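The structures considered in this document are given below.
In the two complexes below, chain A is the common chain; its partner is chain B in one and chain C in the other.
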Partner chain A sequence: MRTKGTIEEGRFYQRMALPALVVISLFFVLPLLFTLSSAFIGPGGGFSLSPIKAVFTDPYTLRVMRFTITQAALSTLASLLVALPGAYLLSSYSFRSKSLILALSAIPFVIPSILVVLGFVIFFGNNGFLNQLLMALFSLSEPPLKILYSYKAIILAHTFYNFPIIMNLVATYAMHLDRRQEAASYTLGASKSETFFRITLPRLLPAIISSASLVFLFCFSSFAIILVLGGGPRYSTMEVEIYRQARMVGSASAAAALSLFSILVTSLLLAAYSKSQQRLVQSEAYKEPLLLERRPAHALGRILALLYALSALLFILAPIASVIVRSVYSTSGFSLKWYRQLLNLERASSHMGSALAALTNSLAIALTVSILAVALGTSLAASIERRKRGKGALEMLGMLSMTVSSVIIGLGYFLIASRLHGGASLSYALVVLAHLVIALPFTLRVMLPEYRKIPLSYTNSARTLGSTTGHAFFTIELPLLRGAMVSSAIFAFAISMGEFNATLTLSSSTIVTLPIVMYRLIGSYNYQGACALGTILIIVSALVFIATGTTKGKKHA
Partner chain B sequence: MKLHRTALILVAITLLLFPLFGQGKQERQDTLVVYAYDAFTGDWGPGPALVAAYEAEYNTKVRLVGSGDAVEMMNRLVSEGARTPADVVLGITDDMAGQLLETGLLRPYESPYLSEIPAFLHFDPTSCLLPFDYGNYAFIVDSQRLEEEAWPTSLGDLADSRYKDKIILIDPRTSSVGLGLLLWSIEEFGEEGWLTWWEAVKKNALTITDGWSSAYGLFTEGEAPLVISFTTSVVYHVLNEESTRYRALIFPSGHQATIEGVGILAGSPRQSEAERFVDFILSEGQLEIAITNSMYPTNASTPLPPAFDWAPKPEHSFSADRTRLEKNLERWLTEWTEVMSR
Partner chain C sequence: MPNSGLVCSLGASYEEFTLRAEFSVQEGKLACIIGPSGCGKSTTLQLISGLLPLAEGSISLHGNDLSTVPVHHRQIAMVFQEYALFPHMNVAENIAYPMKLRHIKKADRSREIGELLSLVALEGYEKRKSDELSGGEKQRVALARALASEPQLLLLDEPLSALDAKLRKHLREEIRRIHDETGITTLYVTHDQDEALSIADSIIVMNEGKVIQCGTAEEVYHTPNSLFVATFIGEGNTLPAHLLGEGEEQRAGVIFFRPEQVSVHTANSGEYLPHLNMEGATVESCEFQGGRYRLHARWQGYPLICYANRRPQAKTINLTVRKRDILHFEEINS
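Take a look at the complex of A and B:
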């Protein structure tokens, strides 16, 4: 029999989901429906299938679709090739710099793509650090590595951005594998390589597939990297073409029709990913990692391992470091000019002139977004965990905005905003809402497992002692969640600070945020200015990095 | 209740920050909004100086909005339609004017300065778009990176494999300069041959950018020795850098010409201010435009700086035929995209 108390409790937690549901339906589902319905509006204004038909029969868009898929496949393959030896190394030995490499491999999760592009151009560009170094070393007059503006550049940038993800996920998984099967194999006389290929590799396959499909998804919806490194109709992905159709060509219906295809593919990929995740959870028991050998037995192995570790470290760190270096150091020597311009201490022209406004805007937007996202994420997590029915459905709803690329989210806002009269304040409100929708799944992801750790008995005891559910939630559960709330707030803050795709797609040119100004500076070849702004983003990313590191592993009593 | 207090403080900070969003964005009612392409409003464009001079003279406010390259800007204007915040639009070329004029968004303005502009520049008989500068498209070469003997002497030359990765091109779907080259190639090779030329020149392109600014930025960064621009682009380097390193290539078979126009939005609530601004552009502003935008001024009474002697004059130049353009442009762009993405 139900008591009055449980009904009250049920109602309280049911209501907790309301704010998030309102935000998701009004600011995610509605703009999305608006976008998708535009795909069915013909040139005359009425209902028509012609935009869809045009998109799927036009040889150019078909080629864009093919390029998008091919480049994603190649990028994933390249990332796998680079990542797997690293994963092997990390999971087989315990050398000194191991924890450093593992920690650094989380970097791609926290740095925004516009920063990756910048670091890539600064480091690998024709005038970049690597070419300058090689030219100085071998006294060459021409840059030896012409990587930029080609298919290679896109694949390389994607690999740089994504291989650490695979390395991290596969290595972590492999470290926790139960090694007794391998031991048994050795006992039965199998060689080391035989054991690896016949026992270890097949067991690692779920983790490899799962991380590879994630990377494929990232590369499929890649935007900033293609926008800067690609070029022309030949190297355009779906996302770039959606942006171009909507914002440059002015054909909303073509953009919407392309979005339809993009959403279709990403949903399929996500479904495959979550399926592989489930398999991952079922297939192996999670074991505490074993003590490992410190290093490979052979000298050759040792050298190879060292070389790999060094180059991986260089590959991850060098582009980021060169952004910081280039922000204060140019061919004419050390200078804080760009920081003085950034802080308006020195007169700056055009794009650099709006840098300070961009910084304050970005900080204000990110702060607003992080507070809102934590509030919504926490209340939604509580509602999901404490309800009896519909847990899965509600969680799915919370994660829904992840199924749609941020360019498409931005497109919906753009289409709606172009029908509204409104000044700058409306535009900024739209940016905040778009960022909120994008950040919400991430805060939910952080809050849910933390909330799960709180035993129901705490609330029950509080209620036995006469507290209401609401009172118990605010005085007992919330304080326990403080650490998680802080880290998810930092997460949301960083996502908002670095958000580029949706902001560029939805915003009018009056809106300036840090990544947008960076993009414009890169476009006008003011790399130093872009690097000064980039350094600020690096600092923010570093904060997230530290915050996620310190909150991990904490447990409730 | 430490948590509540923290939350309250955070909310208070956020609320304090909100006015920051609007900082400087609250437009005064009399601020004139001018759309222009980003090379005009940008670091090296004439926009900032023109606006400063105009604001000082008339004690008023002008906001220049850079909206990508000219075609992108026009598409934005068309999609905003009557809701556009723009009062004046600057930089619509004769090649692409048809689409904008069709919408009826602009209104005619018979400026008193029109009489000082030679007749051949009046590309819009309705006077909705008034010519403010003009020029000839040309390839610019970096003489330090390409020996003079190796300079191309015709569009056809550029398709030669010795220019592999040496040319920077611009997308005609988004840029007026890109569109200019597309029309030039049709003029030169005709309907039968132009796509074959693009097919070949595609292999030589280092990259195809979305706008002129990126293309020219890449070029001056030394990434490639040839870029599509204007014969007058070299003037900028002579005037500002005292450098003749960059040269405009004259092709004997002729060059595509272009005229840039300025127009007033019919729906603008600031009609008289808009007219005053257009008059300024067509008179006092002409010299600044010539120098900083590196284009020929349309007003015949503008004294041309001697640096313009460095801009070679083509023997032939041709302009696009409006009716042919309107009939074929969409098809040409589709065919171009099809070939270039192959």
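Take a look at the complex of A and C:
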């Protein structure tokens, strides 16, 4: 032992990774291996390739695979068609509602999918606001739009959920492009449209591809939307099929074999996405956005722009707003009945009876998850940043659970839990752990760049002044990370509050959380009750939305 | 007292870089380490402070071996180039940080903070936030904070390099004054030769991970032990040794002399026997530098730099250097 000092430092940051490594290996890798090994267990109980063979030869599952990919492709295409004009509008012109649209387009990043489903049903459903409006306007006796429980519904819901992502990413990228290249093109004699198609569009292509592949990934592993809006096995995707095989058919090995395929595709998509991200970073220098004072030149352009802005705003906001409205207002007028039932002030029927328990459960689970996820995310970020070797590998390990859909994470827990015969407390512990595994990559994503901003000289300074590495971490680095810790805690809280896929897959009927009860209420056509619960989720999402806006862009001198 | 002060023999290897350095600093003195970038100056400080592990050798301070003592027990404070003030603490809290670690009572702390702030000429700055300070003020606070840990040795890693020239000059005088008032043994790393020559009691010249020469400022300037030291510290002229002329035996290597040792004559003023006479040199440029003129001349194809008190009136000049001012080096490459 030549130099205890440096060894001590090395050890401190090495050890910081341990809690996260334990959680990842015990509660993510292990269940996943358990799941995947089930794909190789035949009907007799021994090793067999027959489940995989069965899955890849069964015409039904082949149709499911085909459908999964087609619907994801169509949804991505539809999202692109809706999003690109908006991205053009936002990046080329300055108008009054611009910053509002740009801010609102970040909503899908924070909104839970079960809420999207509910908002969609309330707004586009047969008795939804849109149909009621159209019936009143044109005095029709029948609802003119019958899109629920169809292919169209899936595509439309995916578009609603995902087009703002493309619009947001492409517009933000376009705003930071160096516009002098376009100016150069004009001076060389190219017209406006020639310049757009030959200069601007090729430069935007990396951003378009990158955001489209992200949306494709989201649609590929979409679960709640398909489960509710697809209306049964006719429109079933991989994720829904994994859930159905495991929980309804009771064939764990078929579910596991399907998971294998799903993981393969999502890993490929993620690899493509991160590749496109790298190209994005390399391709253009980041410029401060130009001040755009132009408005569209022609009156027609101005009207089109206004129409687009209005309908985009409506498209994003209307379904969410209708959830809030419907929670207090029905055909029989204004009523707080569902909130009274939710708070147990009034006798509630069936699923509404468990609403209060669901709310307190969800709050308790989310609180636990956010505390644990921030602690693990922060210590893992510190360990990644302050080690000399293995940075990349450790970061990848921290992000690993993103490569697996939450249904598959839930499946692993379900398979293990079905052998453990534990009580309700074990089930809730599993829910917390599943949420933790899902939330960890997000908190790590928030903490890492913030940690990177802290210069090593702060710690070194503290150590030469007489502080141990550990003491320096708690007195210097942690206080500087406070903002990032708060925003990643809110993030993790919201992820847990809205988590539906893994929870539904792993849970027994005794477990109630907010999204689960919402799902059951939708299933029993109690939309107003679901809306009351949904409003609470909207409030949580809104808090996240505000928090992510305010904690961005702080740096350490 | 053979053991007082800092005595070190450092050895460490890194990718593409090996450090082998031995030197000592007398107790209470201010020593400067100077060398081109990448010569191992900063690594040397990190090894002494314990921030980097020592592969071999020893570090002894006032007779105590420190090589196995952890960083936070070495009582060696370090001031960093980028100040490293803790941004979430105000000036007083920054200075109090090492005091709290030494469990100093609150009343004593605030008194000591006041004293330290007046030492660095920042009275009344207690409540300022670090982002409200100028670069020079930040460096003074960093110095006060380092002194607050009552170090046995103070390390300064290019403390002035982020500041502008005028402030740099002022602050180096301040650092010398604070050193004289506190009497703490100090090791100061810089790449600026003016800084080193003006404030150091002794200078350690490093290159490629090795100590090339140690000595007072005058010693390294006037009697450099190698062409590297001669050309690195101050300006100078290097000529092939055979140009020293007849009468001298033909010598290999190079000769070296300083620009201020050259006398400039416009008329032929006869042979100066103990001199190197460079007749018929041409003036290529002449810069006025306030106190003197800096001439670029060329003689027999070799470029020369010399200082003159007056602007030469002719294009062709004669230059002379006393032979006793000329240094001879066998080595060719510097």
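Note that in this section the second predicted complex is superposed on the first by the 552 of 557 C-alpha atoms of A that agree within 3 Å, B and C clash if a C-alpha of one lies under 4 Å from a C-alpha of the other, contacts with A are read in each partner's own complex, and residues count from 1 in each chain.
Everything below uses one rule, namely that a residue touches a chain if its C-beta (ideal position, glycine included) is under 8 Å from a C-beta of that chain, and two chains touch if they have at least 3 such contacts.
Because the structure is a prediction, the values reported are computed rather than measured.
K.L.:
Is this a clash or a fit when chain B and chain C both end up on chain A?
P.N.:
Superposition check on chain A shows chain B and chain C fit without a clash.
K.L.:
Could you tell me if A:R340 is touching chain B, chain C, both of them or neither one (first, second, both, neither)?
P.N.:
Neither partner.
K.L.:
Between chain C and chain B, which one touches more residues of chain A when both complexes sit on the common chain A?
P.N.:
When the residues of chain A touched by each partner are counted, B comes out ahead.
K.L.:
Go through the superposed model and pick first if A:P479 touches only chain B, second if only chain C, both, or neither.
P.N.:
After superposition on chain A, A:P479 lies in contact with both partners, chain B and chain C.
K.L.:
For A:S457, using the defined touch cut-off, is the partner it touches chain B, chain C, both, or neither? Pick first, second, both or neither.
P.N.:
second
K.L.:
Looking at A:P233 after the superposition, I want to know if it touches chain B, chain C, both of them or none. Which is it: first, second, both, neither?
P.N.:
It touches chain B, and chain C stays clear.
K.L.:
Just chain B (first), just chain C (second), both, or neither: which does A:L465 touch?
P.N.:
The second partner, chain C, only.
K.L.:
Between chain B and chain C, what is the shortest CA distance in the superposition, whole Å?
P.N.:
The answer is 13 Å, the least C-alpha separation in the overlay.
K.L.:
Please report the chain A residues shared by its interface with chain B and its interface with chain C.
P.N.:
Residues 479, which sit in both footprints.
K.L.:
So in the complex, the part of chain A that touches chain C is made up of which residues?
P.N.:
Residues in contact with chain C: 1-9, 455, 457-458, 460-468, 471, 475-476, 479-480, 556-557.
K.L.:
Provide the residue numbers of chain A that touch chain B in the complex, in ascending order.
P.N.:
59-60, 63-64, 67, 126-127, 146, 148-149, 231-234, 236, 244, 247-250, 252, 349-351, 357, 360-361, 363-365, 367-368, 371, 418-419, 421, 423-425, 428, 474, 478-479, 482, 509-510, 523-526
K.L.:
Which bits of chain B are touching chain A when the two form their complex?
P.N.:
Within the complex, chain B touches chain A at residues 3-4, 10-11, 13-14, 17-18, 20-27, 41-43, 48, 65-68, 71-72, 75-76, 78-80, 83, 165, 169, 171, 173-174, 202, 205-211, 213-214, 217-218, 220-223, 334, 337-338, 340-342.
K.L.:
Residues of chain C touching chain A in their complex?
P.N.:
49-55, 67-78, 80, 82, 84, 86-88, 97-98, 101-102, 130-131, 142, 145-146, 148-149, 155
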